[in-house]
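Each chain carries a letter (A, B and C) given by its place in the written order, and its residues are counted from 1.
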Amino acid sequence: MNEKRTTASPPADAQTFVGSDETRGILRGLSRGFSFVLASKTATVGLVIVLFWVVVAIFAPFLTLYTPYEQDWMSPNAGPSSEHILGTDELGRDLWSRLIYGARVVLVILPITENFWIPGGTALWGVLIALLIGTTLGLVSGYYGAWIDELVMRLLDAMMAVPIILLYLLIMASLGASAINVVIAMTIVGTPGIARLVRSLTLDIKTREYVKSAQTRGESPLYIMFIEILPNARGPIIVDSMLRVGYAIFAMGTLGFLGLGMPPPSPDWGSMVAKGREFILMGSPWASLWPSIAIASLVVGLNLLADGLREESMRYQ
Amino acid sequence: MIHTHENSDQPVIEVIDLGIAYETRSGDVEAVRGVSFSVKPGQTLGLVGESGCGKSTIAFGIVNFLGANGKITGGSIRFQGNELISRSDAELKRLRGNRIAMVYQDPMQALNPSVRIGDQLSEVLTCHTDMTGKEAWERSIAMLERVYMPDPADIMNRYTHQLSGGQQQRVVIAMAMLNNPALLIMDEPTTALDVTVEAAVLDLIEELKDEFQTANIFITHNLGVVARVSDFLCVMYAGEMVETGTAEDIFKRPRHPYTMGLLASVPRLGESKTDSILQPIRGRVPPPAARPRDACVFAPRCDYATDECREDRPSLIPMGTDHRARCIYAREIESRQRTRRRTEDKNLVQDVGERQLDQEELLRIDNLKVYYRQESNSVVSILGLGEKSYVRAVDDVSVRLSMGHTLGIVGESGCGKSTLVKGLIGLEPVTDGSLEFMGIDIQHTVSQRESQLIKEMQMVFQNPDSTLNPSYAVGRQIARPIRRFKTVPRKQVRNEVIRLLKAVRLGEAYYDRLPRQLSGGEKQRVGIARALASRPDLIICDEPVSALDVSVQAAVINLLLEIQQTFGSSMIFIAHDLSVVRFFSDDIAVMYLGQVVEIGPAESIYDPPYHPYTEALLSAVPIPDPEAEQKVLRLSGTIPSALNPPAGCRFHTRCPRRSEMLPHGGKICEEQIPPWQSGGRGHRILCHIPIEKLSTIDPVVHNSA
Amino acid sequence: MGKFILRRFLLLLLTMVLVSMAVFLITESSPGNVARNVLGSFVTPEQEQSFLVQMGLDKPAYQRYVYWLVGSDWHASSKTGFPLRRITSEEGFEEWWALRDDGSLVRWKLSGDDLISVVKQPDGTTSEHVDNDAWSRDDSGVSRFWGIDTRNHAVLWEKGSDLKVWTFIMGTGWMKTSGGPTEYLPLKKGFIRGDPGVSLRTGRPVSKSLFPRLRNSLVLAGIAFTIVMPLALVLGLLAGVKEGSFKDRFLSIGGMTFSVIPEFATGIFLILIMSVWLGLVPGATVFGEKAPWQRLDMLILPVLTLTLIELGYILRITRASMVEVMRAPYIRTAFLKGLPYWRIIVRHAVRNALMAPITVIMLHVNWLMGGIVIVEVVFGYPGLGKYLLDSALFKDINALQAGAMILVLLAVGTQFVADIVYTFLNPRIRYT
């Protein structure tokens, strides 16, 4: 169809919010985002799964009788029972506790040292930092073009040419295993992809007339990049970030599984699987089964959410 | 099996009371209703209307290709006497591409990028007939020849991207004609083309229709084009057919207020702001879901509407043999098809001559050159070696603009008009030449200019959908230049924005709206307000109305005129539509391939002596008057590359006049750069042909009036 | 088009150089770490220092990079004044010797102030001679000699310096000797000449153990790839033909689910179901002396795991591309030309739809490698991935660097191939 379909304007009462321009904008954005999610079945299912893990992770201490380190020598490698609802691992530690405390590290806290942590999960920080660097690189590269673009793109190409698993191995081999290093690894891995996405969006948006208008006003490149261009790239960036958080969780699991993740005895999903793997063929699969399911469900949930959002925003356009 | 009647009195296609709807989440939305027409062999029916009125939907409804959520809700479509609705897909497939063929708006998109042209053509034959591949190939070559494609055998082996836009459209037309269809549906076939190319394609369509006796349905929003090609017209508005009749009747005696409004809102070629007024239709086309079901759909925008109009849906009222209009007052209201003569309020816009303007020069451009480096991907150029090639986008251009005047710049795509403006406003570095604004040298790019200088030059852009930043409310976007240039004290910014909104006929209510809540015309007004915010001396309008619907165009043009009057701004007005430029400008420069070829007062451009290129442009302009007599002068070939422009006169490769008007077939044009010749009153032509000879040429248009 | 390919090739070279620097920098960023990792944390500072010097890790990074990349023998050769030869001893160790004019091979060692030359005759016998004439005395009266020692270094001895040297011998431990050289230059041919050095873990040349591992991995990846590619492309096209149909939703949600579950989780699920509960196939790979293709039953689960995860990804990309193509105006044109459905799909849609995924799929080889590492670990498969992981955990930098470069070479190489394939598929590039 070559006919332009004008989108129906929202009902007039959408304007009756009270408050400043900014809060109104944010509220409007939030409510729009939320109705967006609910409009898509896929996204709703995804949101439910993700919310489940977030809630469980936040309230972990209240949801279990055991700490993740408590060992029950009487019943190692036990199956689910009334005492240990998901069973125990080879040291008799409660799997449910380890599972939900593991979720904490992924989604809620970033352990800096043994006793000090900052809020925001390891996976989230990995994506956030990559997002900051990648967005800046992408904006600069796309907006300025010419040799800056060429330089940045060649560097990113080189980064992307390195197999990701190799980056992990190299980083972990030279830096060692810790939450911070996991964040560093994920930042390095995530940055090129985000930069490329933002660059392509920038290349598109910078041809728009409102950008030309800003240029003819003599606005500074910083203003144009961050005020005129970036806000209009947010949709794809948000969807992409969601996928990336999913991927970061995937990657954390992989690192843990390879023994490159959180140092033991931290409850780390990946290393739980790796430890439990030794006992599968001996008939006690639980220790590796549960964390596998946990990672799988969380990543699938994030992907469903992102997919649903993307479909919905395309329909909206 | 569908029988073919080759009886020329029988309509090929007969559509009766057609209704089409789209399924959406909130229920069915009616896109088209109550459409009836018929087309006989050798006739063209023009379906005309603004965007969103359901023209294309009808076209795809006829071939039942409405997409997953479209469906025909009622009526009948009879093709060669047989009902098409509820026919099986297999039967329709046999008709499509065989008896019914289509031509589309964007030929680049309509052709497969990775299949050779020859394969795309010949498969139409091999799949509908039992022709062998070789025969089909030969036939395809013959058809390409028929559509005047140069070197057809070679074209067959090429890919889409290797052809120019005009050539691509010829391929699509050839593809449609291969099976000698009974019905040819054309959906905006020339909209994406330049005006001279458009004229040639329209000629071709006309010729083929006569030769093959096809019944044509021609869909367009362009009144001029439809006047040129159609025998009968259907005027569509908001999914309804509001008027139908012969082209002559409708252009001469429109009976529906919407048709009248449309005709009154476009300037005729040659009309200017000093002698006529454009009359816009207020409001906008309602979206399908918001259309009144049991009332006249046009009532909300109609000046004649009464309560009666809002009570019931009017039926088509016959006015003559073929002429019908869907308006209860069709017989009573006076026919008012023309733009109004400016008599009573002559004081609003005065002729430049009478205006005793202060003739101070505002802008002076001398020998301006803007070259781009051609980015080459070769290895040599990566290493920074090898010859650098330049696109000579603007090459040796000199123009002047006086205070309070409007300079129009016309030319087809790629002629350098946009680059000229970019150089002027400082978005593109100037390669050579001088630029003076109010006596100040402005060679620098915008980042090196004083903000006092920047604020004096602002732009109005072309595309309403991208002129505003979708992320911010209207008020904030207008306020930004005010804050930046400190036009008013901080506390008064909001009031100033509201004042500007009012100046562009939008109220305070628009302050907090987001761009997506506005219509195209409203966005364009906000764009104008934003340009005005810094109180510039010079406003540059880059095709400000060409992306707007016809009825809205007029309102924006009027607004710009009014602003110029009140604020006394000078303007540069870029457009490819010669009627609009003529209407709006005091002086006009015609550009071709990076150079100005003719420049002078507006009226002098539209009468002899012409530069041969101007003459060709003027004779290509579609005039919304079927009776206007227009000279047929067509350009051959395609526009040369600006990387390596022709020597001598840049236009010599396509000039239709040089061989007849110059000795030795115009050999001089290939060798020497032509001189500027003066035609008096500042009118100058860049041509070797003596101006006396050029003056003897007939005017391009004889207006019927 | 030739220019395009040449350009890509130059970029490939550039990428390789950049990546090799990065790999080198990351692995050798902290030599102290390397020493402690190899020697354990109870090493004394003296021992560590001695180890670093012998490894050549005291040299500046750029010099080490050049040695690592193109070898150090040419440099050593110019210092000693002899051409150098590398031979493989009967025990399978590599030895460097200087070649004398008479065709005999020679190395040196220091005994007190005496320089002893160890001469190897062409027949294989060795004899030792005092070779004090080789000392060269400089203006300040110090006697120096550049020669080849018995542990594959070019070394600079200084008469009377009497340096104490700590030598670490795998399996034996620390040995303290006196009369050590003042400067070491470890001999190697360099990566691009096929010698990535000696494994710190085994003491054997890395290349010896690397290539069988690479072969095993390629077998695994090859089988998985040949199953995945056609299957995923066909399923992706099928799903994309009719957007939103049941087939589409089923395939894309299914594909997505499998592609986002980590390989180790899929592997665990498969072992549980197929091996533990159903007992159909072995849950681990133990080849012993056999080559992987001689025990195909053991390959089933690893291949299946890889297939599931790769299938989903490629399927989704192909589907998205097909969906976009099916919406394109030229497909509408084809429909309105009245062409048969299959002809539209095959001739007009598929070719355009495959263009985009090809490059993305080849980029995905990077991920496939990740998948292989995990799968090898899950199933204990003796491939390159497992070798790399073990090297990384042991901080065996020579092995890690070599393995890394091989992986990068494969990754960049496939991207180059993808570029060429893309050029052939896309006439827009072919004809410009």
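As a working rule, contacts are C-beta pairs under 8 Å (C-beta built on N, C-alpha and C of every residue); 3 or more make two chains touch, one makes a residue touch a chain.
Everything numeric here is computed off the predicted structure, so don't read it as measured data.
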Where centres are the averaged C-alpha coordinates, which chain has the largest centre distance to chain A?
B
Hey, which pair has more contacts between C-betas, A-C or B-C?
A-C
Whole-Å distance, chain A centre to chain B centre, using C-alpha means?
47
Between chain A and chain C, what is the separation of their C-alpha centroids in Å?
30
Approximately how many whole Å separate the CA-defined centres of chain B and chain C?
60
Among the residues of chain B, which are close enough to touch at least two other chains?
106
Contacting residues of chain A [partner chain B, same complex]
1-10, 15, 21, 208-210, 212-213, 215-219, 228, 231-232, 234
What part of chain C is in contact with chain B in the complex they form?
3-4, 6-7, 10, 244, 328-330, 332-340, 343, 347-348, 351-352, 355, 425-428, 431
Considering only the defined contacts, which chain C positions touch chain A in the complex?
11, 14-15, 18-19, 22-23, 26-27, 29-30, 33, 253, 256-257, 260-265, 268-269, 271-272, 275-276, 283-284, 363, 365-367, 369-370, 373-374, 377-378, 385, 388-389, 391-393, 395, 397, 400, 404, 407-408, 411-412, 415
Per the contact definition, I'd like the list of chain B residues that touch chain C in the complex.
63, 65, 68, 93-98, 101-102, 104, 106, 109-115, 119, 123-124, 127-128, 158-159, 161-162, 172, 175, 377-379, 382
Complex contact set, residues of chain B against chain A:
51-57, 60, 67, 105-106, 187-188, 285, 287-290, 425-427, 446-447, 449, 451, 454, 457-459, 461-463, 466-473, 476-477, 480-481, 484-485, 512, 516-517, 519, 527, 530, 534
